[in-house]
Amino acid sequence: MLLRLQAGLQDPQLESILALCKDLGLTTSFLEGRRDLVQVDGPADPRILVRLEGHPLVRNVIDRGDVRWQVDADPDRAETVVTAGHARFGGGWVSIAAGPCAVEDEARMTAIARDVKERGATLLRGGAYKPRTSPYAFQGLGEVGLEILARVKADVGIGIVTEVMDTRDVDKVAAVADMVQVGARNMANYPLLRELAKCGRPVMLKRGFGATVSEFLGAAEYLLEGGNPNVVLCERGVRGFDSVTRDMLDVGAIAHLETATHLPVIGDPSHAAGRADLVPNLARAALAAGADGLMVEVHDAPEEARSDAGQALSMARFGALVERSRALAELLGKRVAVCPSSSEDNADRIGMEFA
Amino acid sequence: MLLRLQAGLQDPQLESILALCKDLGLTTSFLEGRRDLVQVDGPADPRILVRLEGHPLVRNVIDRGDVRWQVDADPDRAETVVTAGHARFGGGWVSIAAGPCAVEDEARMTAIARDVKERGATLLRGGAYKPRTSPYAFQGLGEVGLEILARVKADVGIGIVTEVMDTRDVDKVAAVADMVQVGARNMANYPLLRELAKCGRPVMLKRGFGATVSEFLGAAEYLLEGGNPNVVLCERGVRGFDSVTRDMLDVGAIAHLETATHLPVIGDPSHAAGRADLVPNLARAALAAGADGLMVEVHDAPEEARSDAGQALSMARFGALVERSRALAELLGKRVAVCPSSSEDNADRIGMEFA
Amino acid sequence: MLLRLQAGLQDPQLESILALCKDLGLTTSFLEGRRDLVQVDGPADPRILVRLEGHPLVRNVIDRGDVRWQVDADPDRAETVVTAGHARFGGGWVSIAAGPCAVEDEARMTAIARDVKERGATLLRGGAYKPRTSPYAFQGLGEVGLEILARVKADVGIGIVTEVMDTRDVDKVAAVADMVQVGARNMANYPLLRELAKCGRPVMLKRGFGATVSEFLGAAEYLLEGGNPNVVLCERGVRGFDSVTRDMLDVGAIAHLETATHLPVIGDPSHAAGRADLVPNLARAALAAGADGLMVEVHDAPEEARSDAGQALSMARFGALVERSRALAELLGKRVAVCPSSSEDNADRIGMEFA
Amino acid sequence: MLLRLQAGLQDPQLESILALCKDLGLTTSFLEGRRDLVQVDGPADPRILVRLEGHPLVRNVIDRGDVRWQVDADPDRAETVVTAGHARFGGGWVSIAAGPCAVEDEARMTAIARDVKERGATLLRGGAYKPRTSPYAFQGLGEVGLEILARVKADVGIGIVTEVMDTRDVDKVAAVADMVQVGARNMANYPLLRELAKCGRPVMLKRGFGATVSEFLGAAEYLLEGGNPNVVLCERGVRGFDSVTRDMLDVGAIAHLETATHLPVIGDPSHAAGRADLVPNLARAALAAGADGLMVEVHDAPEEARSDAGQALSMARFGALVERSRALAELLGKRVAVCPSSSEDNADRIGMEFA
């Protein structure tokens, strides 16, 4: 590592840095003629890097040498492919999760599940626990919602992705979900991430709407470092100053993440746009920027949805979105995963390795 | 309430809205000649307002009539004064919380506590649980840190404000803290807020760095609605596009909140600036904008701090900041609360009602 | 129009509003039982709308009735197709402008022009006048640069798009350019827009990096209202809080503008990304979001460019970008315009109406 | 200077950098064992710095050595004091500019001028040329407005600060104005800045609402480098994601600029807030953060203002704001400049050097 120290340090300050490095098992040498540039050698341990980066006498780490995060892209290994139910994200696979904002009632959820599966979704989304800005808004059905999801999954044969907000609910949610969702508001809820690192399920980690890409990757690192390699990153829009969309879908972040991490990245056009009419274009933009999948809000009767109604696509428009996504994925050399339908032997197709 | 409906609704859609209103116990009447403007009368219940605001056929609520949030300023009642230890926030009182980012060791914490108390702080801050962007960074001492805080409090006689991040830790933290802090990353951690609503301690709620003022007040409403009236709002900077400061201290939000809510509002110049040299000026700016207090990072040897070192004030500079804050508060017709020192009978002064 | 007045107005204030409306040739009537809702009828004149919207006693205009801006999409008319040289933007046509940031020397510019034309650009970009953040940076060759552009255009047979920054230079630039560019920094330079409204050339108007979509359309309205119907809007990224890209390409704005205006909209992935490696993905994302064209920085030797070097694509990568753009445009039912090459009869193809 | 080159450069690339440095009159030496760190010595010329910073093979300039911008704070020289009429900004002096958004009619302008002078303003603001988002909005009276300002100035004896937007108007405006204003939209209108560098009048340069502090200082450098040392920087709020204020007053930027430049900095709370009720608090916050003055919108009948009415203070509230500003300035060891009134010998006081 090459450290740049603060300017004008006194000898005792320099000595304290050198002593710390020695304690950490590092050797040090100043670059010729510079009191502010120190070459540091020793174990490539991210704990050491973080310790030095945050040291008040260190201005910045110019070169972090061989230290790598677990999320970092690595030319020597393949991209991570995350599998959940019939969904596959990454490594050339694109998957689409769809469903209503919240679980409402079982009959409706079953109907929606059948419909989105039929039209090409491989995961059903729907919240049993809903983070709502107002305490007076519908907060989701909670455990009842989870039970509904479990029955819908069994009935319809589609995997479930659903959100967890509380460390105390992780086991309950993981018992039902094929993929556990961390919402944007909880991206930096580190106790929750630590529990999810051990939950045995793939995690869909949404980027906080005020979080930098670096913070987003730091949150994913909590999951990987804690033992869960199956993480899908989800860009869902960040806060901007304009109001034609609710948030700004950061396609630059998607494109950057494709090069910066081996983890798959998907886009959520529904929460970014906040209005259904722009969802198809933003879905395409996310895929074109490099996304390995989509998360889309869909409702069989958008006018009756109990939350986020204005952004839910109708079934017909969702079907068109899937069709266009398939064509676009193909153009980009990728392939959209599908659920096997009862009348086809798609199970084989799903099991097949992507060429 | 006056609702504006979506344009061009069909009769059955209009009927579904009217039926919903009836179910909610409301009477309705269209304004003359307008199919899109409906006057709605009935109970002033925020649940009803939220339900209608979020309805897909309602474009917006033009006038919410008599519905009020519990956080709303009310000309008929006094500002809320929140008391924690010797600190008093609001109603003309200004209090200053100070201390290191994290609890490190007991001797140091005791020394810092004595010093900040001596110089004018009425609450000692310091995290036992630290939310850190990287899993490899120092995460705080956890329960050991809480025990240290408990002993320091007993020894030094200064109240404690410290953060909780996990619903499972609320009782432990509330057993020690005079005021429980919700960090910016957890502002919208609603399960945590629901627990804190019942924890029996005042809460310092930091604004998320990507949260709107409306979302900030929504988070506070969770606390009030859940039964905890003792909430101090803390503006600590929001994400901006410039890098001369880490975040942007939103003094406009402070000024707005002074008019919009009866809750006290404080400023955290340390996290906003991210650099110690600007902290005194930003502290003054927060007070000048209307803040009822400050939260400042202080360290006896900033160069040795294990986290956020670059933004911690030295003790001498903190002392100067308190002096200037006193003068400024006086100019603004406010008064800075102090801890009684052993040699004075300040206890009386604290107990005295503010004139 | 339906106006919502400020709450609690006194009679003389109400009378002053009504008198103003009368002076403006409008009739007024209050909605039943509301002192704050006034229906206003009369000529659908945007000047009247703006006057009332900005009136201190008017809270907002709830419904602007029949008033339309010239930029507004209109179901009764076709999208505007803007033609410049062989480039066509809108109405199903996609065109690509490419070239270096600045005009450097004639031989290089000629070579680049031939190359980008060969690979599929229909406009050559390159600045003779360069807005630079520092007065010490290369400011462009000025008139010499314009002369170079004029000769390159004659030699190579490709249209020119180049920037003007000063009202005094409009005639000079318009004499050479097939399309005059307004840079992001000058989007709200209204005297410049007023001159360009009369310059007789199509205008490429870049969105200011701090401008809302509404302000962007307001700037375009200056051009249309001043008599120039040939305006191409260019989204080039807005300021965000993250640093993995220089600015954030606002694909939501592109998608919105496709529905909100009849003017064509293009994307500039080079300035948004600020780094060449992400340009291909962002170019695709812009097209997928609905853009009618691209503006791309290209250099024959990016390492030697005198400005914005890090974001310029090499020729080979530009060629690949054009190929992929063609395929994507086709998928979206659009078509990429090309320059006729000497060896082909593409002139016919260009002249042909898009079906 | 110490340069960090891109990683993995080939020998010919390294040689091209070294050759360029030699051409620029610089000597070079690689730090031991590093192919990416080059020490560069030679003339401390900002042109050289900018050239190297922008070079595609240079990753960044780690240390710019002795190169300084003209705007940079310099421990060896005093802060710049800018004088315009009776206003003095910087070096311990605070001045307040006040007036309506736009020049409307002469009688009103004269009355406002007398009133704001009486209450403590030392400059009258008011636009003859108004940049408006819509072409249909009132654009100012133009030359007629300038003539009114000239007569008001002669009548009332108060200096004028007014905006110029077009290079062709600089002489006309400078003939009337004591201080020429560059509006936020024109901060990066470099041809305009080049003209103003030679106009012979002090310039008030407003920060663009999407501009970084670095870009703001770059714009000021155009003025200084072009020969005009009398520049007052004005922070007027930047774009943020919240809507309780129109823009966010960046008090962190004010505090930073106090340390980073010798130029005076003022705050414009009116444009930041966009609503009159918050102006007093934001004015105080700006001064508390270190501002050397204020620019405030004031109107004798805010309800009749033809632009920006909702943010104009009434005269009475302006008077109170000046009183409080005086007290606050005194607390901060500064002093508010005043116009000499006919009945006092304030002229002496103004002429006196600030101690």
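Going by the order they are written in, the chains are A, B, C and D; count residues from 1 in each one.
FYI, a residue touches a chain if its C-beta (ideal position, glycine included) is under 8 Å from a C-beta of that chain, and two chains touch if they have at least 3 such contacts.
This is a predicted model, so every value here is computed, not measured.
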{"item": "Pair with more cross-chain C-beta pairs in contact, given A-C and B-C", "value": "A-C"}
{"item": "Remotest chain, chain D as reference, centres from CA atoms", "value": "A"}
{"item": "Chain centre separation (chain A, chain B; CA means) in Å", "value": "29"}
{"item": "Between chain A and chain C, centroid-to-centroid distance (C-alpha), Å", "value": "34"}
{"item": "Inter-centroid spacing, chain C versus chain B (mean Cα positions, whole Å)", "value": "43"}
{"item": "Residue list for chain C, restricted to those that touch at least two other chains", "value": "210, 214, 238-241"}
{"item": "Footprint of chain D on chain A - complex, ascending", "value": "2, 4, 31-34, 36-37, 39, 62-63, 239-241"}
{"item": "Contacting residues of chain B [partner chain D, same complex]", "value": "210, 212-214, 237-245, 248-256, 258-260, 272-273, 277-278, 281-282, 284-290, 324, 327-328, 331"}
{"item": "Residue numbers on chain D that touch chain C, as the complex places them", "value": "13, 16, 46-47, 49-51, 54-57, 131-139, 165-169, 185-186, 188-192, 208-211, 214-215, 218, 221-222, 225-226, 238-239, 302-307, 309-310"}
